[in-house]
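Same chain, two partners: chain A is paired with chain B first, then with chain C.
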Partner chain A sequence: MGKYFFLIICGSMSNILNIFFYLDITDINSDFGTYFIMAASLAQPTFTSGHLVLLMQSMIPMFAFQIVYGVYIYKHFCCASVYYFSRQKNRTRWFIGESVKIIKYTAIFFASYILTAIAVTIGVTGDSKVVGELCIYTFLYFVLYNFVFCMLINLVSIFTGSQNGIIITYGIQMASVFVLNVFNDKVQLTGIPLKLFKLNPASNLVVSWHSSSGKLGKYINMFNIDFDINVSLIYFFVLSLIITGVGGFIINKIDVTLENKEEKG
Partner chain B sequence: MEVINSIKMQSSLLIRKKGFQISFLLLFAYAMLISVIYAYMQKGSYTTEMIHPAMISGITSDVDYVWFFCRYFPFMAVMPAGFSFINDINTKTSVLLKAQMGEKRYYMGKLVSVFLITFITFTFPFFIELLLNVIIFPFEGTRAATGWEAYSLTYVQYANNHLMSRLFYNNIYIYYIISTALTGIFAGAGAVFTVGISSFGIKYKAFLFLPFYLFIYLAENISKYIISSYTYIDTYITIFDIIEGKSMAYYLTLIVLLMIMGIIFTAINIRRNETR
Partner chain C sequence: MDKIELINVSKEIKKKKILEDINVKFEKGKIYGLVGKNGSGKTMLFRAISGLIKLSGGMVVADGKVLHKDISVLPSLGIVIENTGLYPEFTGFENLKLLSKINKKIGDKEIWEAIKRVGLDPADKRSFRKYSLGMKQKIVLAQAFMEDPEVLLLDEPTNALDEETVNLIREILLEEKEKGKIIIIASHSREDIEYLCDEVYKISNGRINVKRGGESNEEMV
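After this line comes the complex of A and B, so read on.
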């Protein structure tokens, strides 16, 4: 119970910190009453280095979450791994069970993150018109994105140690944000660059860069591109299926007696 | 004397570790890359329109991609020596060294060597870069990376905002060396802080990335509401930065705070181990 309480407190705290530290009201469409939700969903209006730095700064709670839950599966390899795994009849089933636990913790953390954003928005601006749809999408994106990277950290850590797991995944995430800087003035968002843009996990993470045919459409879609809001959902879903599948496959290949490290990982 | 031996011994151990070698090489490669990029960018331009050799560096604030460096900074500061304490426990080296030189000397040597190694990692690549830039680029180039003449009246208005602007007016090379050293000291303080935290018996190395990262995040954002000067660390760790309202006192306070916390945490754990 204490764990859940801690997660909820951390989630809402990180949202409050994000909102008050990195909110740049002047840059966001002034018709939109829900500035705070936009800040919580990492909305950035351009690809200039300044805005991308703000985006990365507001991703710090995510990185913190990933560091803490990046050892959730890996920890069983650090302490009495032979004892632990010799008592698991089906390792793939165990792995899927652990993945479900990670997704549960991710969901709790980001639910409290989003609920705080809604509370602050309604409390400060009194406007709650489009909050619902935007919040649901932000929540789903954040949960799936962080799940994918948590699993990646766990899997990389098993082979290279947890410090390298963090460095590699942090490198991937930072690089995927840095790459967006080329769309600032050098490359136009059409044709092949647009396709590459749609494959980038960082661009899929930000709801306000997507397009939507519904009511939400006129508030988001900052760059006027065809990038459907549901496609990213499928993209992240497929990524998480792949990573769980690959993890379930390679977890059986690990020889615990050889990989046995009775030490601090 | 024995403390110096302890420092020497632990530093030479750390230099042979992969963490130091990889992070040093990464920073060195980054510094060289910036020089090469600027050599290409200035290809064919008049020497008088070129950038001053000391102002092309991996940590000059107006150079492209410097925010790349700033984002990785808190992680890179931990990489060279931050895990040394946990590694010593894993390989049981700490038992041997403590028996050899005594617990206090071991910890003292540990903190100093961690500081020194991180300092070297963050300063030497840029010192070498300065040396190479002076050889490669012509001295006739007098512009800053922003495009203004480095000592023109326009730039001097902004140069007043440099952290040690008087030093900049006197000698650009000494300014470069001292402000790069300050960045190294900040990184070293971060590493000392991390080692202090790791003496609490943190189980996973991954968790050691968090303390310095969160310290910077909270320090820059909370002190924003407390003090009137500009608090974002990016503008302090980069040199030749022209953002207004930076304060040296704030920077030095952070450094001293990190160091003191690192030392206090270690001291607490020495005492705890003795009473056990």
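After this line comes the complex of A and C, so read on.
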């Protein structure tokens, strides 16, 4: 119970801090959708260095979450690994169980993050017409993205230790953000550059860069490109399945007590 | 469990042979001793028997079931590996409770008794990291005994223990033997080997070279 409460408080605080640090809280003329985009979905209007740094700053709650849950599975390889794994009769089942727990904690953290953003948005704008689709997509993107990177840290850490696991995984995420800097007047979001853009995890994470028909399209579609909001959902879902599958395979192949990179145990 | 058989067991790590062509059989109701120099392969053999590492060759067969084929780890195992700890932030009781939750075979009462059996106070609120070396060894032994496993693999079980506790652990091991368990001990202690073991195997450079039983044990250590 304490763990859930901690996650809820941290998720809420993360959003509040983000809003206070990076947004104009007095923007009372916005409607719900416009303000929520700023308050929760990491929206940045250009790929300039300044905006990408702001995007990176807005991702700090994600990085903090990943530090904690990036070692959730790996910790068993550091302490008591002999005594823990000599009791595990089915490592695949255990790994799937741990993965489900990570996705549950990710969901709780980002649900409180999004709910806080909704509450703040209603409070600031006075507009109570909640754009449910926008909130749900933002939530799902955040959960799946962070699940993928938490799992990646856990798996990389098994082979390299947690310090290297975190450095490597953060490096991938930071590179994914700053590589967007190449999109400028000369490199347009068309053809091959657009295809590469669609493969970038960072660009898939930002809801407002996507396209959608209907009511939601009014608030997103920032760059007027063909980047379907549902495709990114499938993209993250497939990545989640791949990393869980690869993890399940790795966990059965490794010599548990020989892979400890931190301390004896 | 009636017997564990190692057939041509080999383990190679980075092209270095750690275990080589080991053939040995362990039967219930006996205590087996493994002796050998540091780095001779004793601990690796324990890891191989338990199923914690994959073999490069050969197989471990427990009551007809092949490890890593029919079963992933020995189904009823208590193990102690030298220099391995528990979760440092938890108390001894919390550590054992966490481990017991994996198979859900025992409850708080059995954990409490296992800790008392090795001479520790189950109500001790100190975290594992604050335990002395001897206390750490005792709590690790308690986790090996607590679920009443059929097989005990104990790497240097009396390390860091005072004389009184050494005698206590020896008594416990003889009791466990009487219950019909397979007990394998790796030890540098001549007294442990002499006092406890029915059969002794000498391991050097990853190979089991000599097998002796009964009174000639003393020559091996």
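Quick note on the criterion: the second predicted complex is superposed on the first by the 242 of 265 C-alpha atoms of A that agree within 3 Å, B and C clash if a C-alpha of one lies under 4 Å from a C-alpha of the other, contacts with A are read in each partner's own complex, and residues count from 1 in each chain.
We adopt the following convention: a contact is a pair of C-beta atoms (placed from the backbone, for glycine too) under 8 Å apart; a residue touches a chain by one contact, two chains touch by 3 or more.
In this text, all values refer to a predicted model and were calculated from it rather than measured experimentally.
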When chain B and chain C are modelled together on chain A, clash or fit: fit
Partner chain(s) touched by A:237 [first = chain B, second = chain C, both, neither]: neither
Which superposed partner A:255 touches (first chain B, second chain C, both, neither): second
Chain B versus chain C as contact partner of A:86, first or second or both or neither: second
First, second, both or neither for A:68, with chain B first and chain C second: first
Partner chain(s) touched by A:167 [first = chain B, second = chain C, both, neither]: first
Chain touching more of chain A, residue-wise (chain B, chain C): B
First, second, both or neither for A:159, with chain B first and chain C second: neither
Smallest separation in angstrom, by C-alpha atoms, between chain B and chain C in the superposition: 8
Chain B/chain C common contact set on chain A: 263-265
In the complex with chain C, residue positions of chain A that touch it: 79-91, 253, 255-258, 263-265
Parts of chain B lying in touch with chain A, wherever the complex brings them together: 67-68, 70-72, 75, 79, 83, 86, 89-90, 202-210, 213-214, 217, 221, 224, 234
Contact set on chain C toward chain A in their complex: 13, 47, 50-54, 71-75, 77, 79, 81, 83-88, 95, 99, 102-103, 140, 143
In the complex, chain A residues that touch chain B: 17, 20-21, 49, 52-53, 56-57, 60, 63-64, 67-68, 70-71, 74-75, 78, 153, 157, 161-163, 165-167, 170, 174, 178, 263-265
